[in-house]
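Each structure below appears as structure tokens.
Two complexes, one shared chain (subunit A), two partners (subunit B, subunit C).
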Partner chain A sequence: MSDSILVIGGGFSGITAAVEAAEMGYDVYLVEKESYLGGRVAQLNKYFPKLCPPTCGLEMNFKRIKTNPRITFYTLADVESVSGGPGNFNVTIKVKPRGTTPQCTNCKAGEAAAKTEVPDEFNFGLSTRKPIYMPHPMAYPNQCVLDTENAAPDEIEAIKAAMPAGHIDTSQSEETVNLNVGAIIVATGWKPYDPNKITNLKFSEYENVITNMMMERLASPSGPTGGKVLRPSDNEEPKSVGFVQCAGSRDVNHLGFCSYICCMATLKQITYLKEQNPDIECYVFYIDIRSPGRKYENFYKKVKEMDKVHFIKGKVADILPGSAPGSVKLVAEDTIGGGKKEQEVDLAVLATGMQPVGAESKIPGIEYDADGFVVPKEGIIPCGCAMRPIDVVSSGQSATAAALKAVQTIARRAG
Partner chain B sequence: MAETKHIEPDLSFVRGLMEAGGDTVNKCYQCATCSVVCPLSTEERAFPRKEMLWAQWGLASKIAGDADVWLCHQCGDCSAYCPRDAKPGDVLGAIRLNAIKYYAEPKALSEMLSNSAGVIGTVVAAFIVWFIVAFLWSLHTGESFPFPEGTVAYHKILTFVPIDLIVLPIVALVVWASWKGISNFWNDISAGSGMVSYTGTGPKPAIGPLFSKYLIPALQEIFAHKRFEECGQTKERAKGHKLLLWSFIMLFIVTGLVFVINDIIYVPLFHEHFTPMPLWNPIKIFANVAAIMLIVGIWMIYQMRKQKTEEGVLKSSEQDWILIWLIFAVGATGIGAELFRLMNIAVLAYPIYILHLATVVTLFLAVPYSKFAHLLYRTTAYVYQRYEEDMKAGKAGFGMEKEVLPVGEEAQEEGKE
Partner chain C sequence: MSKKIGLYIYTGDGIADAIDVDKLIELATGELGVAVAKKHDDLYSQDGLSMIKADIESEELNAIAVAGLSFRYDFEGLKFPGVYTEMVGIRELVAWSHKVPEDAEDPEKEKEHIQELAEDYIRMAVTRCQKAELPTPDKMEDASERVLVIGGGVSGLTAALAAADAGKDVLLVEKQPELGGFAAKLRKQVPVGPTYDNLIDPVVDDLIQKVQSNSKIVVKTNTEIARIAGVPGAFRVSLKETGTKSEWDAPVPLTEEEKLDENGNELSAEEQKKKYDEKNEGRHEYTEVDPNAEICGAVVLASGWKPYEPEEGEFEHLAWGNPNVITNVQFEELAKEGKVKRPSDGKEVKSVAFVLSPGGKDDDADFPYAGAVTSLVALKQAKYIREDYPEDGKAYVFYQHMRTPGQYEYFYRGLQDDPGVFLTKGAVTKVEPSGDGLKVTVENTILGEDIDVDVDLVVLATGMVPTTKDEPVVNFAYRQGPAFRDLDLFGGYCDSNFICFPYETRRTGVYAAGGVRRTMTIEEAMEDATGAALKAIQSVVAAEEGHAVHPRTWDFDYPDFYFQRCTQCKRCTEECPFGALDDDEKGTPKPNPTRCRRCGTCMGACPERIIGFKDYNIDIVGSMIKAIEVPDDDDDKLRMICFACENDAYPALEMAARKGLTWSPLVRIIPVRCLGSVNVSWIKDAMSSGLDGALLLGCKFGDDYQCHFIKGSELANRRMDNVAESLNSLGMEPERVKLEQVAIDEYDKLPQIINDFVEEIIGMGPNPFKGW
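Right after this comes the complex of A and B.
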């Protein structure tokens, strides 16, 4: 029997669940597969509807982690298997080497020495990074990563030589950690649905067709363009932007469910664009605008009243090359005004949905439904987007609820 | 206050549609993906999204007034991309089948010819009728019955006189029913597109422009299968259909030629039969080529439909299969009758010939009453689409046709552009 709790996934939900459980007096292990905590939220420019930056919520939670000795967290770590039952789970974790030591908080010298450039995952390939890199400026833990897979041995040697002594540690190897825990909170979250699967939108054919998460990176001050939304083909400021709602969501051929956040994300991104250029033309092609609740409904109303924001009820089902270089034409039927429409825009944003991570990578010992969401069981408690597609606020609430459930699982057995 | 419009949903219409193969209609959530991915959908009146809504709401009169359902060739592109699996292609197919029933008169014939039992019954009944007629005719000619003596020649059992006596009234019925269906359809689609005069009737083009400006270009398009070949998922289906259509046209020409040469000229003047023609006769060669095209064409259609139905690209109703098998039966018995005649096997040749006549009559009777009627309504829709365009441009309708230039001049005008 064990009194400790495992939280799988160090995104907003996982962090929240971990600190809530730890603050109730339980030992918590937090396992994150990326090299930093914060998950998808860390990639956002702003939250809706308050439009504050993600550091708001994350910083506070990082501080709670830092100051709470009950939390042990692993980054670059994958849960290999889960066995046992409530109160007594055996978990195997593989921790990949980071290649650096904790004092390595700046790797400019190493970056200069490295030659290889690979697409930066954090920016969805909108920029490149070197094999030694800081995942992002706000990364926690604030420690660089040495990417040995993408660098030749002599390049690693060059990086090591360029960096201050003791910063690079190439002797690290993969470690296996075995844990015995009483309850497991699964907060493995989501990934943006692969737009290449929506073949009729021909995502890979057009440079200026991006996803909503790419838009977050473009708008973010820490992003590849320093916070200015520029279109990828020529780094020009777009004068018109089209949003393609339900790109892959509510679609039996892709994600059968509504991803819940994409409508609000688009409305939010219109505010980014309007802040940058009040004259920008925004076109939103939608099936239904889903802005649930009083606050979201008000937000929708606010955006709808903005100048030069056009809502067209009809899903974009084809994208054609535009007449101006780099532009594209969004093809949809305007079901209210009638008739098929081709709207030329400088930049098109696919409001791709959230696919639960469980759809493509499943942890042995955890049960998933057909879509890849985690099936709750006694002692295995999903929260956040591993449970269902939800926004950040609801993720936080579900994480707190999950922490309570995990505590109950342990307390019942102890009692 | 905006004007309130009361919608009267016709639930029996929705039920009928769902029974006819459109059972997925209620899944549609009106995203309009279908209208965009459809290679045939027009700009200003895109389909099939609006039809899905009308069908869900039971707006039978809206559907009846919609020529667009006939511009669809059921390629299945919309169904493939439909995010709800609502299968708009199949729903439109079901709408068309119900429309054929709706315009059919008398309804009993369409009921009879829209299910396999009815069609088989009709073929059997036609066989018996031909058999009796042949028997009565043998009393008149003195040939032995049912197997006349000597070399097999079908005029020994039935000449054109009894055949025409039976067939011509059926021709009259089919022409009347087709005309009636087309006119009612025309009035409905005129009303549906808002093109009605103050008296409530839909304008019709005068006979000259009807042919020169609308029907002939429409037929040219149909004969070339221009739109059908734009279809995505079932592109291959157009090939078989084209072959079949051309074989029908060729066989129609042969039948017409033989009717004139044999029934009108040869027999009355020379008192002997023009048929059977020797195999080297150009008309016979033409006819045999057409017969082979018919069999190959219908076989291609059958294979394609079977494959696409199994893949779930499109749904096939009983009526789809009936028409395929009936056409196949016409071709097979026709070729069989010819082969056994050449082999001079009387016991097989004469019954198969009678069966051939039975299937031909059934197929012909099916023109306005079964899925076969798509040739009437689709052609009409093609014609109407052109006419409507001209009406909207102020070039036709409401007495405007008078200003239409003669064909020659018009061609010159176009040349200048």
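Right after this comes the complex of A and C.
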């Protein structure tokens, strides 16, 4: 029997669940597959509808983690298997080597010595990084990662030489950690639905068709363009942008459900563009604008009242080459005005939905529904977007609730 | 306690290239009198940390200053119990953010600037080590762990069960004679799991049964809160029968308007007191203790919502006022009784039009206080008609935007396959009597044409108004009044302002859940209530362990008041964002440590400078400022102080440095808990020490404030206006003090902000009082 709690996933929900449970007085293990905590929200420029930076809340939660001895976390770690039952789960975790040691001071010297440029996955390949790197400037833990797969052997030596002795350790190997825990919170989150699967939107054909998550990186001061939205083909500022809503969502051939956040994300991204250039033309092709509730409805209203923002009810069926170099033409059925509606834009943004991580990568011992969302069971508690597509506020609520459910699982067994 | 201080300087990462570290060590061991000062080129390695540890043991050090990486970094081996540790980030604040330009006319002079900057950071760090004490936790003994739940609807029932299931006693108070709230008035509920097609029986009956049979839960129906006094861990809750008056009803302070006479002049203290007494006649003072109060440790506010009731004449184009035009709540009541009968004549209702948006062609918003739940309820109610009349029942749902997020989309899709349910986007422009029924006109539909339909009944998908919109409900017996603050910012909802911290509250120990926060489905409300129950229990854990609740959960310190010098000015009690301070009998502030968030707003407010923390107080920061070396007669070496919010502006500065951005070496940065904690005496200290300007970097304020202590930066801004006035009266430029709002991600803008400020000060010339 164990009265500690495992949280799988170190994104917004997982971090929340971990700190909330630890601050109830329970020992918590937090397991994250990436090299940093923060998950998807770390990639966002701002939260809707307040337009505040996610790093602010992350910085606070990182401090809560740093200062709380009850939390042990693993990054670059995958849960291999889960067995046992409530109060007594056995969990096997594989922890990949980071290549640097805890005395790493995140010093930049190694980066300067490295030569290879690797597509930066944090920026969806819109920029490159070195094989020794910090995933992003605000990353926590603030300890570099050595990407041995993408570095030449002599390059690793050069990196090693440039850094203080002992900061690079190439002898690290994958470790197996076995944990016994009383309850498991599954906060494995989501990934953007693969736009290549929506073949009619031809994501792979046009450089200037990007996803909404790429837009977040372009708008972020820590992103590939320093916060200026430039179109990938020629690094020019777009004068018109088209948003393709429900790119994959509400579509039985892709994601049958509604991804909840994409309408609000598009409205938010319009504010990025308008801040950059009030004259920019924005076209939103939508089925319904899902901005429910007072705060979201007000935000929609605010954006709707901006100049040169056009909402067109219709689903984009095709994207064709535009007449100007690099431009594309969105072709949609206009369900109100009737007929086909065509709109040429400098840049098109696919509002791709959120697919639960469980759709493609399942943890043995955890049950998933047909969409890949986690099915709750006694002692196995999903939260955030592992459970259903929700926004950040609701994720915080569900993660906090999950922490209490985990505590209950343990308290019930303790009598 | 006298301090024996060790200073350790990291020389790696370019620090030794930028700074003459040996000179810093000389300064520390000489002028600053530290016991030990050492450098290390890999300070945070096992070797470096062992060196520190050995010194602590052999030299009996009780404070260390570690210069190199800032407090934002943590190293397991750098935690020494009983030793005050100050991490000062000279790597980012000096070495990385200040470079000698290649084309510098006088590189030696530039180097000198950087060296002096480093020296000042060492002086400030050592000063802090000399003055700061380790906190001693104020652990609350005999804290009550019992949770008060206000509201017996689905949220309250869930919160009660959640807390009981975690082992806590619960007192559940419901205003109505029965438990269940609106959830008990439903015929059916929207499905919550695969395959999302059939309506389910209301879950509330099961919740009520579980609550009533749970030995840990005491239920009091037909009961309201007269007042909640006390603190987390020891709230004193006075109850009363619903609708009655009680001598323990919480008194209500005078509004700002009530404090004025008919000419707009502020009434005298005596007159205000008289008016206050009249207003609260028959009620005990908020400071008085009800001996019969129930003791609870924390509170979940789940008082829910009430239906939006359109006024007479409202929604005229929708024929509101016609007996056959009803709200969704009224329809639910009819449906609960069986097959729906038409209000005007009792005829069986076989065709119903549901209207989701009232704005016709002008506005596509839903009804006020609507949400996804109002879309879902319309779909659910459409299904009732189909259940009642599978053959010829007809439901029309007219929407501008069908809001069925997440997996609720499956429920929506299921309805699309029902030939008796007619769903269309469109602007409902008119509802009018037609025959014995109603005619509904809809324009701009997705059918490309305008349509009319004749129906028996029209249902308006009206919203859910939070109970806190018109009354406080919680009824705090607090100095700052009975209600949550700034409810109007959130439309009367008792919601958090923070996206990432949905349970953040301005009254520690009291957490809202369910429809009182925003429109929610039953499923969401149950989850929310579970989370709120956790926060309630957790606030008592924090009281017992003696630390703050979010956002400074790691903080075991609490503010200390030197009451002998208090002038009862009440600024601290009025400005505390969390209402932590009450008045005692004499009008001096009564601290309530478990309500306190340790932001230091009271410390910043106090003109007598009598409030402080062990490791953060007026003397510590004032002394740090005075420790800055100010050249008297060198116009090239002006000195400016910068107070930076430690959670946002400070990390942003580090990011700027990391990105290779640089700023003027004339500015010394002091991280502060919150700009709200910045006392004007620090500005005076700076000016009287001959510093030339003060810059404050804090979070954005206004309606979408980002300050996690709510008002810190805004209050600081107001205080600095006063400072500017006093500077003016001394013949100094008021622009010498400036506040800028920056977010954590705006690091790219920071160097410019700092440099512009420096340029402005240089333009003004030296502080005229320099050298006095």
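To be clear about the criterion, the second predicted complex is superposed on the first by the 413 of 415 C-alpha atoms of A that agree within 3 Å, B and C clash if a C-alpha of one lies under 4 Å from a C-alpha of the other, contacts with A are read in each partner's own complex, and residues count from 1 in each chain.
The definition used in the following text is that contacts are C-beta pairs under 8 Å (C-beta built on N, C-alpha and C of every residue); 3 or more make two chains touch, one makes a residue touch a chain.
This structure is a prediction, so every number in the text was calculated from the model and none was measured.
Novice: By the touch definition at the top of the document, which applies to A:318: first (subunit B), second (subunit C), both, or neither?
Specialist: The first partner, subunit B, only.
Novice: Tell me which partner touches more residues of subunit A in the superposed arrangement, subunit B or subunit C.
Specialist: Result: the larger residue contact count on subunit A belongs to C.
Novice: When the two structures are overlaid on chain A, which partner does A:51 contact: first (subunit B), second (subunit C), both, or neither?
Specialist: It touches subunit C, and subunit B stays clear.
Novice: If you stack the two complexes on chain A, which partner ends up touching A:200: first (subunit B), second (subunit C), both, or neither?
Specialist: The answer is first: A:200 touches subunit B but not subunit C.
Novice: Regarding the shared-chain residue A:20, is it in contact with subunit B (first), subunit C (second), both, or neither?
Specialist: second
Novice: Look at A:250 in the shared chain and tell me whether it touches subunit B only, subunit C only, both, or neither; answer first, second, both or neither.
Specialist: A:250: touches subunit B and subunit C.
Novice: Answer with first, second, both or neither: which of subunit B and subunit C does A:338 touch in the superposed model?
Specialist: both
Novice: List the residues of subunit A that touch subunit B in one complex and subunit C in the other.
Specialist: Comparing the two interfaces on subunit A, one with subunit B and one with subunit C, the shared residues are 250, 288, 335, 338.
Novice: Show me the residue ranges of subunit B that touch subunit A in the complex, using the header's touch definition.
Specialist: 29-37, 41-46, 49-50, 81-85
Novice: Where on subunit A does subunit C make contact in their complex?
Specialist: Touching subunit C from subunit A are residues 12, 19-20, 23-25, 41, 45, 47, 50-61, 63-64, 66-68, 102-103, 105-109, 137-138, 142, 164-167, 220-222, 226-227, 250, 256-260, 288-295, 297, 300-301, 313, 335-338, 369-371, 373, 388-390, 392-394, 396-401, 403-405, 407-408, 411-412.
Novice: Okay, in this complex, where on subunit A does subunit B touch?
Specialist: Touch list, subunit A to subunit B: 200, 246, 250-254, 287-288, 314-318, 331-333, 335, 338-340.
Novice: Any idea which subunit C residues touch subunit A in the complex?
Specialist: The contact residues of subunit C facing subunit A are 10, 12-13, 41-42, 44-46, 48, 68-69, 72-76, 91, 162, 165-167, 194, 364-366, 369-373, 375, 399, 401-410, 413, 425, 444-446, 448, 490-491, 493, 496-503, 518-519, 524, 527-528, 530-535, 537-538, 541-542, 545, 550-551, 553-554, 647-648, 651, 655, 658-659, 699-700, 704, 706, 708, 743-748.
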